[in-house]
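Labels for the chains are A, B, C and D, by order of writing; each one numbers its residues from 1.
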Amino acid sequence: MTLLAIEGLTGGYGGADILHGVDLRVEPGEMVVIIGPNGAGKSTLMKAAFGLVKIREGAVLFERRDITALRPDQIVRQGISYVPQEQNVFPSMTVEENLEMGAFIRNDDIRPQMDRIYTFFPRLAERRDQVAGSMSGGERQMLAMGRALMLEPKLLLLDEPTAGLSPIFIDQTFERIRKINEAGIGILMVEQNAKQALAVCDRGYVLTMGRNRVDDTGPNLLANKDVAEMFLGG
Amino acid sequence: MATDLLQLAIYGVVSGSILTLGAIGVSLIYGILRFAHFAHGDLMAVGAYFAFSLVAGLGFPLWASAPFAVAGTALVAVAIDQTVYRRLRRVSPIILLISSFGIAIALRSVVQLIWGPHNQVYASGIQLPWRVGDIVIKPDHVWIVLGAIVLVTALHLFLTRTKMGKAMRAMSDNMDLALVSGIPSERVIVVTWAVGGGMAAVAGIFLGMDTRLHPVMGWSLLLPVFAAAILGGIGRPYGAIAGGMVIGLAMEMSTVVIDPTYKPAVAFALMVLMLIVRPQGLFKGNP
Amino acid sequence: MIQIEGVSKAFGGLRAVDSVHFTVATGGITGLIGPNGAGKTTLFSILAGFLHPDEGRVILDGEDVTGLPPHKLFHRGLVRTFQIPKEFSRMTVRDNLMIVPPGQSGEVLANAWFRWGAVRREDTRVRAKVDEVLEFLNLTHVADELAGNLSGGQKKLLELGRTMMIDAKVVLLDEPGAGVNRTLLNNIRDAIRRLNQDRGYTFCLIEHDMDLIAQLCDPVVVMAQGQVLTQGSMDEIRANTEVQDAYLGGGVSGRGVSAMTDDDIGKGGNGATDGADETDEEWRP
Amino acid sequence: MELGGLLTYGVFFLTQAGIYAVLALGLNVQYGLTGQINIGVAGFFAVGAYTSAILTTATSSAHLGGFDLPFLVGIAGAMAASAIVAVGIGWVTMRLRSDYLAIATIGIAEIIRLAFKNEEWLTNGVRGIPGIPRPFVETLGADPLISLGVVLGFILLGYWMVERARRSPWGRVLRAIRENEDGVMAAGKNVARFRLQAFVFGSSLMGMAGGLYAHFLGFISPEAFMPLYGTFLVWVMLIAGGAGNNRGAVLGAFAIWMLWSATDSLTRELGAEYATQAGALRVLLIGVLLQVILIARPQGILPEHGRRKGSR
């Protein structure tokens, strides 16, 4: 059963449409990356999947259920977590509190999941009582992912998880995302660092001007000469 | 002179305690709903009068009527939010502010309608003060300060230990992220009003103990309450504690040099000074 | 026209703009490109006086204008537009443009009362100028429409129209083509070209539509991670592998633009140990 | 009520409503055109009233002055004094968010009220200032119709000033600031200066209304101002009439004043012993009315659609 299916999505903010009939799917356990030049509508597409963008036409299906019209808080309950690109932590709250907020809708014991996250991100365990606002960018990104994982989602949406990070941290972040994915969690992410992202993902979509251009496996896209040119036009 | 100052400092801590309780509510509401709630002073008056009804009407002791007054005021605050503010939230904070100004006036009229325009007291007769050297301390003052400490501690525990309290902080920190985390914003807003209203009721009761009850009692405290909230960084409940104490002490201590009538002017001057020098407050407030 | 000399700006620890040097040549159209977060818009904000640089100088026409407020720079003929158009949505298109000319006598309140005749006459002149600008931009048919009802592309044209209302010397355009349909995009492109050729406007524009850049701009300056990566003609830029890398990411090390460490991003982090934090744990849900 | 009495009442009613209309016009400059929230309307009103009273009354040992100056000088002084107060408060708050201005105006109004009550050398304290001459009493006599005429004249003047300001390039800039401040800055205008001008202009109109009030009643004391209700009524008038629309402001003032006066009959119906309750009930009704308007018809009776044609 396809995990996430986006079909013929058209929409945007307010008046102007940014997306024009985009199709995309994520199979269970798959890692899918969306790349494309700035302004292509990558982040908008991801937000649309999460109910944060006005959708005029098309549908978003999650495990064959139509979630097109649901609000973000309802979509969370379906098993999708979303990590925004910026402002993705609660700055005045501690690491531990941030994680708790990630699990707000859960009423069962969240301790085991929190322990798993601390083992996976040892840095967060060290800083569990530190307020998020005082942490470095890389640590915040870990925390943001940790918060989203607290729900034990089936699908994780990541919006440019490596933006603003130093090279060494970029490598680590991709490594961690791959490990999360290996555990069976579907991943859909938007990335600027297209080469690295394509190298780790199963499949990739290239978006330009709010439309699908190419989709293929990561290695194939990486080898595709047209893809590089798409970023620089011509 | 030294004893005079110490005596004034005691009064300052007492009124600082009252201001703190009011300013915390203002700050909580601002943090989550992003508007300056001008009816907060009058919510304080409503709380004070609820308690008065139980004391004067049913003969309850004041401490026993306080919980009912707190619950009643919290209910009033939530009811106002659900009937009026909720409908205006999507419009703009400016409209909410104007609306709350109207609510302030309406609440005061209701108080006047039900309880009359005159001064009232919880207990007549003179309280026997304690004397420590030349310092005079009224038992009521001790209760006020202790009560404020207990409440602030309780609020602190609520905000740091309970899921709902944390959700309130989360919403005030980053509204969008709270939404995508699945935090139910409407429920948090209702709780915010209940907590803010409850704290206001206690502040009103304390104010009534300290002085007297009067329909305008809350409105006259609105300026110092906001001064305290702004001083502490509006939207920061913890800042409100410091802000409340600074304003309370400054207002009382200033009476050494200026006419006591102008106490509000002292709060005003401090607030204006703050706005010029450091608009974000002592502790960085919400932008 | 504009010389940018070692301009830097940091937010918190993030060096959004990091000792940038380049020159916007008089009478040219300079393109400014680069991946998201490269610091292009921040640089524009500094040039137009909306932000104060931490370091460096901005020279306009030989004069140091670093740190002058927007309205002063405006009066010197330096105008910017915004990525998201800042139109006055509940005012008519015409009024949006009539606002612009600086120092209108009717902006002095007393003149509105006591010299109404003169104010009217001046307004008539401004109105004529507005009509001309609207004509130029093909917007005449929407002159009395509320600006908020315009399409994205029309709003971009309106932004351009504002710069025409004062005879600007240098115009900084922030993504004039973003979210604009093809037809209107050609319209915008022609307007920019005519303003440049016929009226001698100097442009510097941020744009992600590389076709538009290729058609209009020479030279093109590429920014990445707050710094200028390279500059040259669009053909040179396309051939430059560094630029491709900047857009596609990867192959980062030793590129010279990656001086930013993670420690720069947030305060308080134990920067020295960051990066050494490899985990071998598997993620088990 | 016999005809003569009715007529007297009508003149009295119109004069008072007219004074409120001037206040509403002043507030319209601040809120309607600029989006500024002034909760201290009554403060600027009081400054105007006292200034004009002190300038025009005969010399008295009870308060500062009086200076026995002509009525028009009094009004000019009233406008100037309110403007000066507004410059002070505006200078501090113009660069800040609008809610800070709102809080600051509460403070300034409160301080003004306290000062007028306590500084006896200046205002004769709670005993007030009597004997304020009616407008042009020496040349035209003391007929209430003269006062009404004068007030109506000032409404026209105020309306003309505000309307012209609104239609001028100055008003255009203000509307633009309300829409998008950054855009106005990018267009090279000094936003803070325009805001301050609007605030001061509006406040001086409130001062003008205060002056008219003093001359109309002939006696003022701190109690005469109902500090808060003064402010509140003016707000309801403006919101009901249509913020941003000058005709709306004037219409709102007359309509709400009519409603306010009509509810006055409540007081009489209930009898003297319930007078205070009746008063409170009236205020409550107006408070509820404001909420109803904000929810049901926020644009008021006459919406500001004039902005479409704006500067024609």
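Quick note on the criterion: a residue touches a chain if its C-beta (ideal position, glycine included) is under 8 Å from a C-beta of that chain, and two chains touch if they have at least 3 such contacts.
Model, not experiment: these values are computed from the prediction.
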Separation of subunit C from subunit B in steps, with touching chains one step apart: 2
Separation of subunit A from subunit D, taking each centre as the mean of its C-alpha atoms, in whole Å: 56
Approximate Å spacing (C-alpha centroids) for the pair subunit C, subunit D: 44
Chain centre separation in whole Å, for subunit D relative to subunit B (CA means): 30
Centroid spacing, where centroids are CA-atom means, of subunit A and subunit C in whole angstrom: 30
Every chain pair in contact, whichever chains are involved: A-B, A-C, B-D, C-D
Interfacial residue positions of subunit C with respect to subunit A in the complex: 13-14, 35-37, 151-152, 175, 178-179, 208-211, 213-214, 237-238, 243-245, 247-253, 258, 260-263, 265-269, 271, 274-275, 277-279, 281-285
Residue ranges of subunit D touching subunit C (in the complex, touch as defined): 161, 164-165, 167-173, 175-176, 179-180, 182-190, 194, 197, 201, 307-311
Contact set on subunit D toward subunit B in their complex: 35, 37, 39, 92-93, 96, 98-100, 102-104, 106-108, 110-111, 114, 117-118, 228-229, 232, 235-236, 239, 276-277, 279-281, 283-284, 286-288, 290-291, 294-295, 298
For the subunit B and subunit D complex, residues of the former touching the latter: 35-36, 38, 84, 87-88, 91, 93-95, 97-99, 101-103, 105-106, 108-110, 112-113, 116-117, 219-220, 222-223, 226-227, 230, 259, 261-262, 264-265, 267-268, 271-272, 275-276, 279
Complex contact set, residues of subunit B against subunit A: 160, 163, 166-167, 169-170, 173-174, 176-185
